[in-house]
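The next block holds one structure in the form of structure tokens; read it before the comments.
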Amino acid sequence: MKTTEEIFEVLKNRYSEDIIGITNMPPEKIIDVKPDAIFKVSAFLINDPDLDFDNLMILSGLDDANGTKTNQPDGSFEFVGGTLSVVYHIESTKHRHKLVLRVSVPKENPVTESVVKVWACADWHEREAYDMVGVIFNNHPNLIRILMPYDWDAGYPLRKDYKNPEFYQGMKVPY
Amino acid sequence: MIFDYISSFLGAIPAAVIAGLVPMVFIIPFALFAVYWERKVSAHMQDRLGPMRVGYHGFLQTIADILKLIQKEDIVASAADKPLFNIAPVLTFTGSYAAFAAIPFSSAYIGANIDLGVLYIIGVSGLVVAGLLMAGWASNNKYSLLGAMRSAAQIVSYEIPTVIVILTLFSMVGTLNLYELSELQSSNMFNWMIFGGTVTGWKKIVLIPLMFAAFLIIYLTTLAEVNRTPFDIPEAESELVSGYHTEYSGMKFAMFFLAEYANMFAVSAIVTSLFLGGYHSPFGYLGNTIGITWLVPIEQFFWFAFKGIALVTVQMWLRWTLPRLRVDQLMVVCWKYLIPLSFLIFLIVSLLMVL
Amino acid sequence: MGILDKEFSQENIVITKFEDLMNWSRLSSLWQVGFGLACCAIEMMATSASHYDFDRFGVIPRPSPRQSDLIIISGTVTLKMALRIKRLYEQMPDPKYVISMGSCSNCGGPYWEHGYHVLKGVDRVVPVDVYVPGCPPRPEALLEGLLKLQEKIRNESLVKKVTA
Amino acid sequence: MIEMETTSTNLRTQEMVLNMGPQHPSTHGVLRLEIELDGELIVDVRPHVGYLHRCFEKHCEAMTYPQIVPYVDRMDYLAAMYSEIGYAVAVERLLGIEVPERVEYIRIIMGELQRIASHLVAVGTYGLDIGAFTPFLYCFRDREKILTLFEMTCGARLLYNYIWPGGVSHDLPPDFIRMTKEFLTEFKPTIVELNNLLSYNKIFIERTANVGILPLETAINYGVTGPNLRASGLKWDLRRDDPYSIYDRFDFEIPVGKGWHGTVGDCWDRYYLRMIEMEQSVRILEQAIEQIPEGDVTSAIPKRIKPVEGQIYTRVENPRGELGYFIVSKGGLQPHRVKVRAPSFVNLEILGELCKGHLVADVVAILGSIDIVLGEVDR
């Protein structure tokens, strides 16, 4: 049983450059990790006997909507710049402690590392994050859309500035 | 029998036609009734009522079904092999219909009293396999193909124990003529083959358990031959949609449907004639008691139909109770258990007969 | 539709009686496609199960669309599924009927505004005979929908209706 | 599992691709499976999901917190009460509010009744997959009694909108406790009946024992939870291991798979575990309806839910496994992001792994034993 602060110390000592810091989002505390280091950090977290984070509870992609908002003439809006985040909630079934990791990538080039080789269940979660907010996971075995149709080309629906197309395969989409 | 009688004053060809049509008078109403009966039996087993709105307690349900199926569009998929696709249901129905020719419904009526009656029925039922294979292949549908392959493998394997059991009976009575076989089991219940036939003395006591086992084996194998649960893997609904008839619609599907129910009765009829005394009453006849001799064949027909339908009902009962086997387990049951067991029974019975 | 579909220009007593028989057989034996989409499918299953018993009306589920007359669109139709439903409908032989069960398949239901992946009404891809409202409709409502469909079939005609 | 003949490896064969679904009698909804076959042996299974993707998460971003509750219902439509409990617990923890004692008891009664109802459907449809039709209808007959209880409480049979963040929409009806007691006495013999009809049937055991074995390490690595994980031998139940509500007050056991008729973690274990869990739910219910206190049920419902900036991940033990809600608040009336960890979504991933080397008929046996709800997989 370790607290987030203790685990942060362990990680900071080992990967000083790749760990950005702790963010407080009450009631949770988040450890921010650099995108290209998430694979090795998570491999360490699962292999270290004192930590042993064997269970990835949830992996969520989210649009932080922190760019500059520009209004379009047709009433819609668009975010320029800003970041997309991937949040990992992990726990250890042996030591019963939990941890939240976060990776933020710029919206223009949303590339991060896949953790499928560490936690097999990340496969579909990552596909969903790709499908919904458009984060690209390097080294993912099969990064294709999962919930939306494979030929969907109108963008990523859970981005805040997503605009629905008028037609899909001849079917009217809006009400 | 009936053929000889009619041809004596009408000539051979009309007689053949008429004699051939007579089973139809029985089969079509029977199949309609059996479908209705199955739905009612299953419904009452499941705390339901089953068809209620079409006629009195849904009695006209299957008639409505058939009339509707006649009206349906006849779809032949463009990728299907059309000639085979069209022949398959006819062939299947022919196979199960032709089997009725040699079945003795009563002492006065048997379509064709042939000496190799049992073998003829087993042989002609083989046409059903050809029909199913054709249907599965011609549909150009993967589910149909898998279903057809499964049913071919299943029917071919399960014919072996069936034939061995028949051979056992042959070694006891020395005839394969179903009419003679039925006549041998006359007069009382304990002359039925399931109770060791007309054999007497200690041999009979030894024979009774053997014959019970043989009866169970042939009942199981015939169940497998008509693709009923727990051996319904060729049309396993939860795996193969509806197996070999997935692509069939309208009247062609109705033919498969009728063939299935006709077949159910055909195999029950064989089991009845072989083991359960055929058309003979277990108690004796009212017609003989009150001296009206023409009543006897009618009573016999009643008993035959009663026994057949009772066996069909057991088939339904099994269907709505048991889960289904997997394809490899099905083969294990046949090759590892039923065939050795039936051989063993055959050997013992033959030895007993020699003694 | 099957034989004698709208082949006559006038009604007569034979045709009317024949027509009644044909309509009766069609409405009494509506075999449904064993096909469920979403929440409403559970209520549809409950309707087929012991308590409500669809079989009383002669409705039994058939696994293959080739052998069925009725498709109950029971649940939300998504864009990904809509094309498959259309295909399924096309695979059914005529005469065929469609019951749209539940708000979602009637008009998009609660997903009408923000549902970027929900088809707002299955009638955008297949013609619908009876709409059953509710989210999800109770089994009684589905039975009512079936009775409405039977009423509709009862009034169908073989005769070509000439509009003046 | 069947071993391939050595001779067949030397022959050049082509695999057949069989497409199962989205319309198929036993895919439990609109799942599509792409099965690569060598004869009847499975080389690979690729599930395709998304045919019921109803944009739940997008709706959450446009709705206020109380408005989301009906959408939560429609996610796991077989266990709608439990989805509501999970959401209510998440929002309450985000806001930091306590709910009255009576509400906790009502939630547990509803949750456990829902667990029984959901397991009944799972068990019934599993029988249907194996080919036994009758148990399915018996299960639905008993489920109908639970639905009657729900209906008299909140007026709906399937999707309830009953458990709100901070409380429940209104109190239990006067007859509820008596009728629940009656139901429980009626229901206990039904479990025995179902066991005799289906569980101990020789054919059923043959079909399911030693099929689709899920080893414990694989299960944890794939994030499998709920009865599927417990069948593989890990005593892991969030009602005990990450307590929420008042489950710590009740005395119940957490069953684990023992390989009763085969290997630990096979289909029969997964199936039978649900039967035992129903018995345990009955036990919890009996204690809960004895202990339920009087009190108010709506006093803690906030007039306006507007959490401060923050985020929370809360999980509850849904009938299918770990149901988690990840809510990010940016301080507005609407959440910034809600992501659901749907147990079926994660459990379904294991299917391809489990099916390899089995026969086509086993796909439905394995899929049925995982017990998925497509509404939850696709959200």
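Order of writing sets the labels: A, B, C and D. Residues in every chain begin at 1.
Keep in mind that, in the parts below, contacts are C-beta pairs under 8 Å (C-beta built on N, C-alpha and C of every residue); 3 or more make two chains touch, one makes a residue touch a chain.
None of the values given here were measured: they were computed from a predicted structure.
Farthest from chain D in terms of Cα centroid separation is B. A straight line joining the Cα centres of chain A and chain C is 44 Å long. Averaging C-alpha coordinates per chain places the centre of chain C 31 Å away from that of chain D. A separation of 26 Å divides the Cα centre of chain A from that of chain D.
Residue numbers of chain D whose C-beta contacts span two or more other chains: 24-25, 50, 53, 55, 58, 137-138, 141.
Residue positions of chain B touching 2 or more other chains, listed in rising order: 46-48, 237, 241. Among the residues of chain C, those in touch with two or more other chains are 49-50, 63, 80, 113, 116-117. Here the chains touching each other pair up as A-C, A-D, B-C, B-D, C-D. Of all residues in chain B, those touching chain C in their complex are 39, 43, 46-54, 58, 60-61, 63-68, 70-75, 237, 241-242, 245-250, 253. Residue ranges on chain A touching chain D, taken from their complex, read 25-28, 30, 54-58, 60, 62-63, 65, 87, 89, 93, 96, 100, 119-121, 123-125, 132, 145-149, 157-158, 160. Contact residues of chain D toward chain A in the complex are 49-50, 53, 55, 57-58, 61, 93-94, 96, 218, 220-224, 234, 236, 241, 308-313, 315, 322, 324, 326, 328, 336-337, 339, 341, 345-346, 348-349, 378-379.
Touching chain D in their complex are the following residues of chain C: 33-39, 41-43, 45-46, 49-51, 61, 63, 65, 75-76, 78, 80-81, 84, 88, 110-111, 113-118, 135-136, 138. Chain C meets chain B in the complex at residues 1-3, 21-22, 24-26, 28-29, 49-50, 53, 55-58, 60, 62-64, 66-67, 69, 91, 93-95.
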